[in-house]
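Some structures to go through are shown next.
Consider the two complexes below, in which subunit A is the common component and subunit B and subunit C are the respective partners.
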Partner chain A sequence: MSAEALPRVAEASERGGRDRAIDIGGLILTIITFAAALAAFFPIYWAIITSVKPDGEVISGSNSLWPGRFSFDSYIHIWNNTNIAIWYVNSMVTSLIITALVIVSSAGCAYALSQLDFPGRRVIYVLILACFMVPMQALIVNHFVLMAQFKLLNSWAGIILPQLIVPVVIIVYKQFFDSVPKEFREAAQMDSAGHFKILFRIYLPMNWGVTAALAIITFIGAWNAFLWPFLAATGEATMTVPVGITQVKDAYGIVYGKQMASAVAAGLPVAIVYLIFQRRVTQAIMLSAGVKG
Partner chain B sequence: MADIVLNEVSKSYGAVSVLEKVSMHIKSGEFIVFLGPSGCGKSTLLRMIAGLEAVNEGEIHIGDRRVDQLPPNQRGVAMVFQNYALYPHMTVRANMSFGLQNIGTDKAEITRRVEDAARMLEIVPLLERRPAQLSGGQRQRVAIGRAIVREPEAFLLDEPLSNLDAGLRVRTRVELAQLHNRIKATMIFVTHDQTEAMTLASRIVVMNNRRIEQIGTPMEVYSRPASRFVAAFVGSPSMNFLAVTAIADKGGRAAVTAGGSVIDTGIAFGALPGPEGLTLGVRPDALRVAADGSGSLTGKIDIVERLGDRTLVHVRLGDGSLVVAEDAGNSLLEPGMDVSLRPDGAATHIFGADGRAYHAG
Partner chain C sequence: MIVAGKEASHMLRDKRQEYLTALILIGPFVLIYGALFVWPTIQMALLSFTKAPLIGPGDWVGWDNYVKILGHRLFHAAFWNTAYFVLLTVIPNTLVSLAIALAVNRLKGWQQGFVLACFFLPYILPVSVVFLTWNWIIDVQYGLVQYVVRLFNGGQPISLTRTIPLFMPSVAFVTIWWTLGFNVLLFIAGLRNISPEIYEAASLDSAGRWRQFSRITWPLIWPVTALVLTIQLIAQLKIFDQVYLFSIGGRQDATIVLVQYIYKLAFQQNKGGEAASAAMLLFGMIIILSVLQYQLLRARGQK
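Our next item is the complex of A and B:
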């Protein structure tokens, strides 16, 4: 080995040492992340396991992590003895309608704010940003009185209308439209396209990923919504799944297995949506946090 | 195809004026190039013709219609954007068909026009591809194709070559010239690249600082620049400028003292204003190295640039000013050598203090 090569070997060995140090750091981070994931997943696991244990095993107080015997009695029971099918339909219909209306109205609103020049544009945008900072809970009494006066309580419309206010979707869409070079709009204008056509034929299809991501988080939000549907739907016929499963406790006393089965059934569609569209959901969370995906 | 007439067109954004009373007449079938530095208003003017910018004052006529109050799609023009603005989610065919579909053109007619344009531009194999699957040159052709299918009265091209690499740029420039010869369309092309302007234009509109400096054929603009700005902006390397310290009448022609020497020009003495603030202009190709030392300007060579077919010699004159002269491609000159330069009097220019140009002949 030449004398010249020696410093290079020493340098490489030093670099190798640093790589090892980074690996150890990475390993520690991996362990912490794994532990956090385990802690987050454990309640879900516990709910699933409890829901497939026989009632006797659940109330016996045995905290085994695996059922002695698998039983789907709890699921059969809630299917046969509650209105969960109707609650599913209500949840599905209201969530889909909320998602569709939020996406269409927010995209239109954001397009106007981003691309059109009209008086008061900035004021409207500031108002929307301000709405973003007002939680749903602060408006719940107003919504309730309004829906009651419109006689929309205990109806799909009553559940849907107050949930159409989702400023974050407008804000994310506006950021996306702002980032599209204006030449696309101008080219479409030269091509005789009106603003609706520009929005629905050019801007939205240009990146369906944004719409898909926003639709998924809107759907998940609407499906999981509890407080407003709980107030707006007092009759079992109009309840959504998250509201309906509270009835399981009332109807059968403290029956953990059945409660867990209904909770798992309530969360299942969201879990499936999440598992299928995992990347899109992550993108949506990043978009809504103002970080480009 | 139609004439385009601009009549005292002005544009401002609030208190900031970007174009002042611009007038011109573009004849049907002409290839007009708007040339000027960044920020001179050339793209704004093109966008005003397209209808993408409002006109504050003045009128724009295309053919026999006044169009300055009409939306872009009713002006009968098609535009090729700098970044092409091809819809990324559509195929080439869909990109080219979109405009025709929007005006309710018959399906068979759309197919015919798209395929005719695709054949003309040699992009038939690309029709089912998306823009992301195309090279820069192919995208540029598709953008032109999208404009062609609309059969417009005029094509507006906003720096369409600026995103291409040097080699492709030259090839595409030639293709564009061939396309113009073939379809004989009125074309307005915006660029800040004087080579593009010189090679493509029927006439060049040189713009500077919100207004038109000169409208003329490429050779008029090069040989008889209307102002010092045009003289400096057009031509590479740029024209040499030497401050005139004295002026004399020599048989009706001006003999000026500049760069420490007396130079005979072909410019009529009587046409010139007083000697104050005059500048002599001479292009490098009109300032030759005199091998026999008989030139009227002398100096020391600073830098030698060998370009193959010619050699550019940067010479520091006696009064300290720097000029660029030309010598043969096989020149033996080296930096540090003394050299004698002979300006071609017939190709010299004098510029007044206000920038106005006076030419020989």
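Our next item is the complex of A and C:
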């Protein structure tokens, strides 16, 4: 220990001058990093600030970084003159149902793939992998035809159904169920517990963190979805928030403040979810990219 | 003998029980993926060989739609615009993300948390929020970016999304801002997996920052870089949302991308058959790339 430490101390004092030089370099790097981070955040800041400026100030060209007077007129305007309340309900309901259905169906499927032996197991696994490779954007035409046939366009069901295809959730669950030691299941089976009990009492609670991470990221994905809801909901009353705020412009007059208010309203739920569950979101992204975080 | 028979029937019942459980657990998945993935995919393949409107039957025309589309000037435009967009986003985004990840990784504690949150926050926002925000920032009349534009354009503002040569670079820039947080996360995970001992050994040899990066970090982070590149390549081939939103009210045909081409054929021109064959072509391109990505991931997993 001491024999090892000695040369290190000697060396450290020898290189003292250089270390200090590196520190200055390091400080400059830190400052640049912070400046870049603030620059990256600036557009979001600017959207928020614009949304609370009075219209006159927005188009005065002064572009001050802080509002001269706080005004919530833009928010009041979009509340009164657009269907944003209905879009919020549509987004909330569809995103929550998508999240619940995806988590439940994926956990069940992953448990069966991981723990049970049944004919057709391989076929299903290949199907999931194939699903990874097929771009949902290519399926929009036939999703639309299918939803039209069942008269589901402009309905919650029509927005929800094609978004239930999230194969990555099954894959991640399967990986985690695979790594639960077999002894847990065998012990439970000795007590003659059925597979449902084992899944809901042992496997899911043991992987509660994964479930939370997957649910959060599924919810964010569903809330943010644009292309499919944009096609499936053509009436103003059935749009989701992200679609609605891009479609309605006529009723605005001076648009900037109102558009920023609607942007802030649309981004707020996911921003809050992210800020509360930062670690889970990060974990979910790592898992879904196949990287152990 | 009797005991053995009893045991066998017991095992058989267990097996049957297991099949039944599996059926119930797999059921929802089979229903969802059968009805919303397998069935539409088959229908798409069939539709691509017919001369049909978006909704309704059509005559079987064999490969006609494919021949027509491959000779269609707008398809060529969509293909090259998409390729251009991929070129403008994938490699720049990867390099910027790696630089940010390196910068973030050397910070500690609250500093790291704060900086990372700033870079990552845009990624979780809906595309329409990103569109509205940047549409305001680059607005030709009051947008902040016009201060910079005026400097380079003799005091005159330019619409970045109505000037065709500036359209793709502008949308690519916004896309990089929006999505780099995802790549930064993957890079940081990769950087943390590099054992600090390797760096310690290198700093004893008094290797400079750049040598440390080029000799140690870059080769060791390469698998993550390859992953980031392929994920983005596939994602950007499927680009639609931003390009479509920024092009509303402009000359959309000049900046059209592949998914937008499918959208236009199906929903604006009511040509279901042709749209399906365009979708099949996109499908083919992405499957080829996905198989490559899968091989890459598997190669990493085996290490």
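The criterion applied here is as follows: the second predicted complex is superposed on the first by the 252 of 293 C-alpha atoms of A that agree within 3 Å, B and C clash if a C-alpha of one lies under 4 Å from a C-alpha of the other, contacts with A are read in each partner's own complex, and residues count from 1 in each chain.
The criterion applied here is as follows: a residue touches a chain if its C-beta (ideal position, glycine included) is under 8 Å from a C-beta of that chain, and two chains touch if they have at least 3 such contacts.
It should be emphasised that the depicted structure is a prediction, and the values quoted were computed from it without experimental measurement.
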Report for A:Cys109: first if it touches subunit B alone, second if subunit C alone, otherwise both or neither.
second
For A:Leu152, using the defined touch cut-off, is the partner it touches subunit B, subunit C, both, or neither? Pick first, second, both or neither.
neither
Examine A:Phe118 and indicate which partner it touches, taking first as subunit B and second as subunit C; both and neither are also allowed.
second
Taking the superposition as given, does A:Ser192 touch the first partner, subunit B, the second, subunit C, both, or neither?
first
Identify the partner contact of A:Ile97: answer first if only subunit B is touched, second if only subunit C is, both if each is, neither if none is.
neither
Which chain, subunit B or subunit C, is in touch with more residues of subunit A?
C
Thinking of the overlay built on chain A, is A:Val241 touched by subunit B (first), by subunit C (second), by both, or by neither?
second
Classify the contacts of A:Ile49 with the two partner chains as first (subunit B alone), second (subunit C alone), both, or neither.
neither
What is the contact status of A:Met206 with respect to subunit B (first) and subunit C (second): first, second, both, or neither?
first
Using the touch definition from the top, list the residues of subunit C that touch subunit A in their complex.
18-19, 21-26, 28-30, 32-33, 35-41, 43-44, 47, 54-55, 100, 103-104, 106-107, 111, 114-115, 117-122, 124-129, 131-137, 139, 141-142, 144, 177, 182, 185-186, 189-190, 204, 206, 209, 224, 227, 231, 234, 237-238, 240-241, 245, 259, 262-263, 266-267, 272, 275-276, 279-280, 282-283, 286-287, 290-291, 294, 297
For the subunit B and subunit A complex, residues of the former touching the latter:
50, 52, 71-73, 77-79, 81-83, 85, 87-89, 98-99, 102-103, 146, 150
Please give the residue numbers of subunit A that touch subunit C in the complex, ascending.
11, 15, 25-26, 29-30, 32-34, 36-38, 40-41, 43-44, 46-47, 50, 58-59, 61, 63, 101, 104-106, 108-109, 111-112, 116-119, 124, 127-129, 131-135, 137-146, 148-149, 161-162, 164-165, 170, 194-196, 199, 220, 223-224, 226-227, 231, 241-243, 245-246, 256, 259-260, 262-264, 266-267, 270-271, 273-275, 278, 281-282, 285-286, 289-293
Looking at the complex, which residues from subunit A come into contact with subunit B?
181, 183-184, 186-193, 197, 201-202, 205-206
